[in-house]
Amino acid sequence: MELFLSNIASPPLLFFFLGLAAALLRSDLDVPASVAKFLSLYLLFAIGFKGGVALRETDIGWGVAASLLAALTLAFIVPLIAFAWLRRKMSLADAAALAATYGSVSAVTFVTCTSYLDAAGIPWSGHLVAALAIMESPAIMVGIMLYRRFAPQASGTDSRAYSGAAVAREAFLNGSVFLIIGSLIIGWVTGSAGMDQVGVLVKDLFTGVLCLFLLDMGLVAAQRLRDLRKLALVAFGLIFPLLMAFLSAVLAISIGLSEGDALLLTILGASASYIAVPAAMRLAVPDANPGLYLPMALAVTFPMNLIVGIPLYHLFIRTVMY
Amino acid sequence: MKPCKRIEIVIEQRQASALLEALDQLGVPGYTAIPSARGSGDRGLRSGDELTGVMTNSVIVIACPEADVAAILELVGPAIRRSGGICLVSDATWLTH
Amino acid sequence: MKPCKRIEIVIEQRQASALLEALDQLGVPGYTAIPSARGSGDRGLRSGDELTGVMTNSVIVIACPEADVAAILELVGPAIRRSGGICLVSDATWLTH
Amino acid sequence: MELFLSNIASPPLLFFFLGLAAALLRSDLDVPASVAKFLSLYLLFAIGFKGGVALRETDIGWGVAASLLAALTLAFIVPLIAFAWLRRKMSLADAAALAATYGSVSAVTFVTCTSYLDAAGIPWSGHLVAALAIMESPAIMVGIMLYRRFAPQASGTDSRAYSGAAVAREAFLNGSVFLIIGSLIIGWVTGSAGMDQVGVLVKDLFTGVLCLFLLDMGLVAAQRLRDLRKLALVAFGLIFPLLMAFLSAVLAISIGLSEGDALLLTILGASASYIAVPAAMRLAVPDANPGLYLPMALAVTFPMNLIVGIPLYHLFIRTVMY
Amino acid sequence: MKPCKRIEIVIEQRQASALLEALDQLGVPGYTAIPSARGSGDRGLRSGDELTGVMTNSVIVIACPEADVAAILELVGPAIRRSGGICLVSDATWLTH
Amino acid sequence: MELFLSNIASPPLLFFFLGLAAALLRSDLDVPASVAKFLSLYLLFAIGFKGGVALRETDIGWGVAASLLAALTLAFIVPLIAFAWLRRKMSLADAAALAATYGSVSAVTFVTCTSYLDAAGIPWSGHLVAALAIMESPAIMVGIMLYRRFAPQASGTDSRAYSGAAVAREAFLNGSVFLIIGSLIIGWVTGSAGMDQVGVLVKDLFTGVLCLFLLDMGLVAAQRLRDLRKLALVAFGLIFPLLMAFLSAVLAISIGLSEGDALLLTILGASASYIAVPAAMRLAVPDANPGLYLPMALAVTFPMNLIVGIPLYHLFIRTVMY
């Protein structure tokens, strides 16, 4: 209970609520799109850099290898489970796109979780940022491959269809994937000397900027929610992440991750992508309806993870571990 | 002044670059593209406030001789069938310089 | 290709959402809206550099069958009489898909 | 004299002059509109949060109640005085819009005044931010109500007219009002623990960001000045705030506010809104001319308060108090 | 509704202000200007992503009576000859208010 | 060698490479144009302010006068050399525009060089920022004057031609020139008291923001490179700056500048403008092709100076001095 309260009373989450409230009450508060884009670039840059610097100070041993392997496993299994679940209930394209969406991860949810851990004084490791980076792309590829594998006669893919190279590009050269991996490497290369140069921007401003970004995410999430009127989809967006969180937490604990790291891997398994994957799906699976996968990830699963998920998963992990 | 056709295309922003490249290869005399338009149509609302450009349109205007129109429409048609949008053609006169 | 009408509306940005909602309720086939346009007219300069959107215009384009035009103009007329703007109607042909 | 010099030689004010100079000399210096919007959101967020945290550490007693009551009184009286003054001199709509404009407050003027006090080492209280928040909306409602009350047969308000609920929404759900009140509450809820998380953004960057924002305000103010060619209006924009400052200062001193708090209440009484009110007036009183009330608030009263007003009101308060 | 001409100009952004001022002095009834358009033409690609506005276009729309067209074109012609762009004229009807 | 490695392994340069890589691999990573503009305004504001505060603490003697005189000399000589070199090889307009481009300076290159010196712990003086400000405008005037002087019968300059006053305005009231000079003066006026108020923004965030800006410059530079297919021009963009660096370094050493200051003057001589000058040339020499001078300055000379130039010039200066 205490966990829930301390989570809800944190500035980032309160600003998320403020954004939700503004949109629901139809206030004209809004954050310019170009600024919101920039804040998201900043968050990827900062978390990547911090992770890289931290990674440098870790010795890469069994612990690191196990986390990354676990992350990779989740990145392939989760979209397959999602697809199996949804295949019969909707069009092939929509099922494939939702599989990719839920198989991939949300960097903003991850970042909010690190700020939750920092506020609680619980340590976490830089290689979890590497896990985040690793998990963004595979689900995109799985989603596209499922779509192609099951398409009757390659329906919807006409002569100007999407090539294999283009699929890989969408998966790995997607802007947000690229920035976080790049920043991770740069943080790793420059180490603490680099951190001395950019630490104020990357560390001291982090939670404050996250507040402003979550204010905007609250605004956008509430607007998106209006577009989504199908109850069954809302239910999927609430229940599926809980199951995946359970799966991920069990995996994390069984490979011996620490409390903080286990929570981060869990949130990776439970979160759904609303930036990288939608961008990729519009090109690779154009006949899937973005009016489904976008609001489900952004307006259902994202708030659920932020508000209920993080403390709930934390409680679960604590209970099992101690 | 010479008579010409004015083609106006609304297409999803993420598809616009590919279409413009294809138009370039086709050899259109030129084009102008306005980014970040909102819109609504058969595929629902595109609110234009997205982080990703997924829910945003571009508006493309092409001035060209009547003879080029058919070839351009052949490129545009499949693109907007795939991911939505509209294409309007009208008459105009073009200030030659 | 089928013939249609192209309606182009310039209206103050802060009034645009209300107009678009009204158009939606009327059942227009679709619209495209370009934000952040500068302009000048009877009510002076709108320099488009405002923090508030008060001095900024939106440009709205609607493609529709001729039969819908009258109903749309009935909505647009009062809106631009109240707070300024223009509304142009012209002929076009629409690439059907 | 010293007060004037130290005010004028402060970085924020010098950057305001730089912006004015750039626009008057027709330099092509400009700050993108979306960035300016974001800087203004930042300032509201920061001042609200700081005020909320400070408020938490105050015990809410007579002093706080008296300030808020005084603020509320000003918020209702000032627009009525302005309306009485202007009613005969212009159209009903313009008079009502100007009443709302001058009855409401300018958060940026307030914020510049807090930075002036900080630089001078004079303490001020968090509940003055609450006073700022309280004063934004009432004048909007007063302006709209005056407009309706005096309109012959509801001229200009056709069938699609503006409903009472819409009036309240404009007054209270206006983006800037909402953000400052929300940030105030969040600051109050999270207290100094919250401040530890976001302090670098909210406090250390404050004056620097204010410099950049005032640079832009200088650019915009000088451009707006060109639109305003009526001398009588310029005179009103200079004299009326002085009178309201006098009224507010007397009120502030008589209820026993400290030097810093009295100056802040005075600047609230003297400042005119150029963000929240214009946005509301365009919808609620569309036949008022934004080419009047916007440049008067932004290009006449705002610079006057910044350059002459703050030190002048300060001098007056000092003279009376000591 | 009254018949009018719709003039659409694409011009480099940095030249747009000067042209708009000249149009104002000429006494056009009004104009609307959309900033930040990309484009391609005889002078190559203008990718619209520049820090300076050098590689960006503005789109200007003017609705005016037929009688004004010649004078406007006389202003626009030299401007787009100097630094590139296009100017299209078409027929429209204008909702009077 | 060590110099090269420490330069290349610095965060700002690595983010520049990341941007280059993203564009070359055709990732969809991009920084919104309005944000990039703002980052560039921030860098000019910060370097100007820092320079002004530092200048205040210097006593203005022979050293300062000599540097500024050397800077002014370079600002007039370099464009003349460039013009003499290029005149026969291309149109008059293009030669004049390139002369202005290479005669003027790149503030971002300068700023990256100060961050290189700071990381290496080598001191540099505030008046070099004044040298930067002084060198931006003259080359613009020289370029325009050469263009007019050699134009057969004022070709290309029709009745609406560019007046002398307009030339001066382009040269001196250009937004970036104006901002850096203004910030320099404000820094000088407010001194260390001003720095106390804005130091976190101006100093602590500097390198971090530079990283984000260079990420965008990498993206833009790689895109521009595609437009430039003439090998001779690429060669000029690589060789000419090297020669001018040699000239500037010799001049800097001969007037007795310190190691850091000499490197900064050298980079001023070697760098080419891609913001202020292109903006001016489009108005003053409209028949010059921006597809030449813009990519040469931005996609050839800028990366060359950043990657190879700074450590190379440093090595040269060190070798000669010690």
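Read from first to last, the chains carry the letters A, B, C, D, E and F; within each, the first residue is number 1.
Basically, a residue touches a chain if its C-beta (ideal position, glycine included) is under 8 Å from a C-beta of that chain, and two chains touch if they have at least 3 such contacts.
Owing to the predicted nature of the structure, the values given are computational and were not obtained by experimental measurement.
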*Trace the shortest chain of touching neighbours from chain E to chain F and give its length in steps.*
1
*If we define chain centres by averaging CA atoms, which chain lands farthest from chain E? Would you check?*
A
*Specify the chain most distant from chain C by Cα centroid.*
F
_If more than half of the interface residue numbers appear on both sides, call it same; otherwise different. Which is it for chain B and chain C?_
different
*asked:* Just the number, please: Cα centre separation of chain B and chain F in whole Å.
replied: 38
*Using mean CA coordinates as chain centres, what's the chain C-chain D distance in Å?*
34
*asked:* So the centre of each chain is just the mean of its C-alpha atoms; given that, what is the distance between chain B and chain D in Å?
replied: 45
*Would you pick out the residues of chain B that each touch at least 2 other chains?*
34, 36, 48, 90-91
*Considering chain D alone, which of its residues make contact with at least two other chains?*
30, 32-35, 37, 200, 205, 279
*Which pairs of chains touch one another in this structure?*
A-B, A-D, A-F, B-C, B-E, C-D, C-E, D-F, E-F
_For the complex, give me every residue of chain C touching chain E._
8, 10, 34, 36-42, 48, 57, 59, 73, 76-77, 80-81, 86-91
*Please give the residue numbers of chain D that touch chain C in the complex, ascending.*
30, 33, 36-37, 40, 156, 158-160, 220, 223, 227, 274-275, 278-279, 282-283, 286-287, 289-291, 294
_For a test of understanding, state which residues of chain C touch chain D in their complex under the given definition._
12, 14-15, 36, 43-45, 47-55, 78-79, 82-83
*Provide the residue numbers of chain F that touch chain D in the complex, in ascending order.*
32-35, 37-38, 41-42, 45, 49, 169, 173-176, 178-179, 182-183, 186, 189-190, 194, 197-202, 205, 279
*Which residues, counting only chain E, touch chain C once they are in their complex?*
1, 4, 6, 20, 24, 29-35, 61, 63, 90-95, 97
